[in-house]
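Chains: A, B and C, in written order; residue numbering restarts at 1 for each.
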Amino acid sequence: MKKLGRVFIGVVYAILYAPLLVMAVFSFNSAKSTTTFSGFSLRWYVNLFYDRSMRGILLNTLLISACAAVLATVLGVIAAYGIYKMRSKRLKSAVNTVTNIPLINPDIITGVSLMLLFTFFGTWFLHNSAILGFWTLLIAHITFNLPYVILNVLPRLYGSDVSLYEAALDLGCTKTKAFWRVVFPGIVPGIVSGFIMAFTLSLDDFIISYYTNGHFNILATSLYTAVKKPLSPEYYALYSLIFLTILLLLTAVNVIEIRSDRKNSTVKKKIGD
Amino acid sequence: MKNRNIIELRNVTLSFDGEKILDSLDLSVRDGEFVTFLGRSGCGKTTTLRIIAGFLTPDEGDVFFDGVRINDVPPYKRSVNTIFQRYALFPHLNVYENVAFGLRVSKTPKNEIDPKVREMLRLVNLEGYEKRKVTNLSGGQQQRVAIARALVNRPKVLLLDEPLSALDAKLRKDMQVELRRIQRETGITFIFVTHDQEEALSMSDTVVVMENGKIQQIGTPVDIYNEPKNAFVADFIGESNIIDGVMNRDDTVTFAGHTFTCVDEGFEKDEPVDVVIRPEDVDIVPSKEGMVKGKITQATFKGDYYELIVDVKGFKWMVQTTDAYREGQTIGIALEPDSIHVMHKSEFSGLYGDYSTFSDEMDEDPEAEDE
Amino acid sequence: MNKKRKFSLGSALLNAPYFAWAALFIIIPLAVVLFYAFSDGEGHFTFSNILSLKDYGGVILRSLLYSVVATAITFLIAYPFSYVVCRMRPASQKIANMFVTLPMWINLLIKTYCLSALMDGNGLINQALVAIGFGKLPLMNNTGAVIFGMVYNYLPYMILPIYNVMSKIEPSLLEAASDLGCGALSRIRRVIFPLTVPGIVSGIIMVFVPSVSTFYISAKMGGTGDFMIGDLIEGQIHSQNNNLPVAAALSAVLMAIILVSMLILNRFTENDEGGSVLI
C-alpha cells in the first residue's frame, strides 16, 4: 500500500515536470525547433543577453512589478490596519467581501472589467478610447495585488497582542508612535510575505495585463504574443533561468526551515525528557 | 475485584532515537481495578499507556490481553478504549454523533445505537446536550463526552491519559469523584496516567510509580505513602526529609548524630541507608529534651499549619506544626519509632529530600507529558 | 444626536484610500461591465447583447462541462496525493510540497506550450512512439487534451489547500478514530474526509474558476470544436470586430456562473448545525 502511494506520487511529479524538462532541454537546442533536438548550444542564452527588445521588456516588467508591489503594499497595510480597527462588524464583513472579489473573480473578468472601465472613462470623459498603457496597467496590477497584501497582513494584526499596544500608550506613546513602535514590528513578516507575493504575481500575470496594457509590453504579454506562433527558444532559455533561480531560492528556504525544525525538536526533546 | 489479570506486560522495552524510554517493564493489571501510572513528565507512563492502546509496539517484550499476546493487534481491533489528553473529540460531529462514533463504525444496528448513546449521556450527566457542537462545550463537558464516547463501546479496559490536566482545580476535584463513581458503576478496568500524586492517591486501587522508564514501586496508595521503596518515591509522594543513616541492627538506626529506635528490620548489620521522616511526623520539644537539636531558618504560615525549615547539623529538615515558632529559635526534635522509615540505598540516594534550596515553585512541572 | 459612536478623523483617514480604491477599481468596473452588457454603442438600454448570447449557449455549456470534469479529475488526483504526502516524515513533506509549488512559479503559457510540444502530432511523445515502432497517437487538438491541459496546470492549486488542511488534522483525532474501531479506509471516510472539506472547497474554487474562464489552454490544446467562453470573450475584444458589449455580456454570464457555483459550494462549508457534512 505504501509502495503504491510512492509510485502514484512519483508518476504525478513526472507528469508535472515533463514539460519543464522539455523547456530546459530545448533551451540548449542549436536549432530554432522546439520539437527536434539538433545539438547542444548556448545560442539562445547568448541571444537573450544581447536581445535589446527583450531587455526593454524585462525592464518594463520589473518596473511595473516593483511599482505595483510597493504601492499595493503601502495601500494594503493601511487598508488592513483600517479593517483591523473597524468597530462595526457589518462594515467589516462588507469590506472583506469586496476585498475578496478580485481573488475569486476569474482574471479574465477582472481584466475585461478594468479595460471596460478605462475605455468607458476614456470615451466619455477624455474622448480618447486609447488610454491603455503604463498607468492603466499599474492600476490593474495594484488592484489584483491588494487583496494578497491585506490577507497577509490581517492575520498578523489579529494575532498581535493588544496589551502591548496598550502598554505603549500607558508608557506615554501617542497612538501613531505606538503603532510604529509596537504594532508595526509585529506585522513586518506579513508585510514582507505580502510584498513578495504581490511582486511575483505581478511578474507572472498575463490575463489581466493583456487587457489593460495597451502598447506597454511586459514579459507575460509578449510571451502571449509569442506562444501564438512557433515560440523562440529564447523564451525557453529565459524561463529556464527563472526556474533555476526559484529552485535555488526555495531549496535554500526549505533547507533552513528543515534545519531549524530539527534543532527545535532536539531542544524540545531535551527539555521534555 | 476479580483476580484475573486483564493486562500483562512482560519485559517490555522501547527505545526512541537510541534513548531507552521503557526499560524491561513487568506489570500486571487485574480485571476491574483502578490503576494509576504516576510519574514525572518523560518517565514513560504515557508510552506504557500507548503500548497498551496499540499506538506503539514494543521493541522487546510482550503485551498480553486476557492471556492472549496482542503485540501485533492494531488499535482498532483491541477491546481497549482511550480518553485522550485533550479529549480528541471530532470537531465535525455533534455530541451525540461523537458518542455514537464507535457504534457506527462497528455497524451496530441503528435501533440499538440510540438507547446506548442516551444511556451513556445519562451516565456522564449530559442529557439534553445531544445536538450541541463539541467545540462549544466547556472543558469539563468535553471530558464527559470523551468518557461517554469511550465507554459506549463497552471496552474491557479504559485508558485515561492525563484526562484532568486541562481542567481547573475545582473541576478536577469533581471529575475525580465522578470518574471513581463511573468506574465503580461500570466495573471496567481503568488505567489512569497522571503526574499529580494527590490525584493518584485519592482515586486508585493501585498506584504504579515510574521514573526513568522503570517501575519504582507498585502498591496501594497507603503502602506507597507509608512505605516508599526508595528516595525517589519518598520524595515524589508527599514531602519527605531523606537523611543518610546507618542501620546498626534490627530496629535501631543512627542518623543526624543520634541513635533512634525504629520498626524496620531485615537490613545488613551497619548497612548505609536512607531514612525518611515525613514533615508532619516530627514532634517539636523544648531544645533540652530533644533527641537532636535544630535552628529554625525559615517559618512560613500556611493557613492550617506552619511550615518550618530547620537546620539540623547542616542538613535542612522540613517540619510541619500547628504551633507558631519564629525564625532563629532553637528547638528540640523527637521522633516516634514508627515515624521513622528506613530504605535501602538506591540510584536516587542523595538526589532528593534536602530542603536547603527549597522553594514552592520548584514543586512539580504541571506541563503535560510530551513523549 | 447619537454621540455614542464618535466620528474619528483618524479612522476615516485610515480607511479613505482603500475605500476609494476598492470603489473605483473593484466595484465600479463590475458595474461598467453590466452597463456595457445592457447598452448599445450609444449608451441606450438594450437586451440585444444578452439575447445575442443564445448562439453561444453551446459554448457556455461546454465551458461548464469541461471545467467541472477537469476539477473532478484534479480532485481525484490531488486527494490521494495529499494523503500520501501527509504520511511522510516532516522533512520529506516539506520537500514534496516544495516540488508541488515550484511549477506554479512558471508562467502557464510557457508550460502549456511545452506540454503541446510533447503531445503534438509530431511532438516528442509521438516521435518516441514512432521510434519504437508504435503508431502515432492523436494526443492533441481534442477535448481530452484541453481537459488534460487544465488538470496539468491547475493541479497544484488543488493539492496545496487540501494538503494544508489535511496536515493540520490533530494526530490524536486519527488515533481516536483507530481507538474507536476504524480501519484505514473507514478512518478516511469518517474522520479525514469530513475534516478536509474546507480544503476541498477552496481547492475546487481555485481550480474551477480559472478553468471555466481559461482561453489559452483551450485554444492551444483543443480542436476546432473546443472553444470556451474565455476564447469568445478574447475574440470579441481582440479581433477586428472589437465588440465590447457582447464581450461584456459574456463576462456577465461568466460572473453569474461563478456566483452560482460559490453559493453552491458555500452550503458545504457554512454548516453550523453540527453533524456531518456531505455524508
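Convention: contacts are C-beta pairs under 8 Å (C-beta built on N, C-alpha and C of every residue); 3 or more make two chains touch, one makes a residue touch a chain.
Note that the coordinates shown come from a computational prediction; the quantities given were computed from them, not determined experimentally.
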| item | value |
| --- | --- |
| Intersection of the contact lists for subunit A and subunit B | C |
| Most widely separated chain from subunit C, with each centre as the mean of CA atoms | B |
| Pair of chains whose C-beta contact count is the highest in the structure | A-C |
| Distance between chain centroids, defined by C-alpha means - subunit B, subunit C (Å) | 55 |
| Centre distance in Å when subunit A and subunit C are each reduced to the mean of their C-alpha atoms | 18 |
| Subunit B contact footprint on subunit C (complex, rising order) | 170, 172-173, 175-183, 186, 190-191, 194-195, 197, 272-277 |
| Residues of subunit C defined as touching subunit A within the complex | 5, 10-11, 14-15, 17-19, 21-22, 25-30, 32-33, 35-36, 77, 80-81, 83-85, 87, 90-91, 94-96, 98-103, 105-115, 117-118, 120, 122-124, 127, 152, 155-156, 184, 205, 209-210, 212-213, 215-216, 220, 230, 233-234, 237, 244, 247-248, 251, 254-255, 258, 262 |
| Residues of subunit A that touch subunit C when the two form their complex | 1-2, 5-6, 8-9, 12-13, 15-20, 22-23, 26, 34-36, 75, 78-79, 81-82, 85-87, 95, 98-99, 101-102, 104-110, 112-117, 119-120, 139-140, 142-143, 146, 175, 200, 204, 206-207, 211, 220, 223-224, 227, 231, 235-236, 239, 242-243, 246-247, 250-251, 254, 257-258, 261-262 |
| Interfacial residue positions of subunit B with respect to subunit C in the complex | 53-55, 74-76, 80-82, 84-86, 88-94, 97, 101-102, 104-106, 131-134, 149-150, 153 |
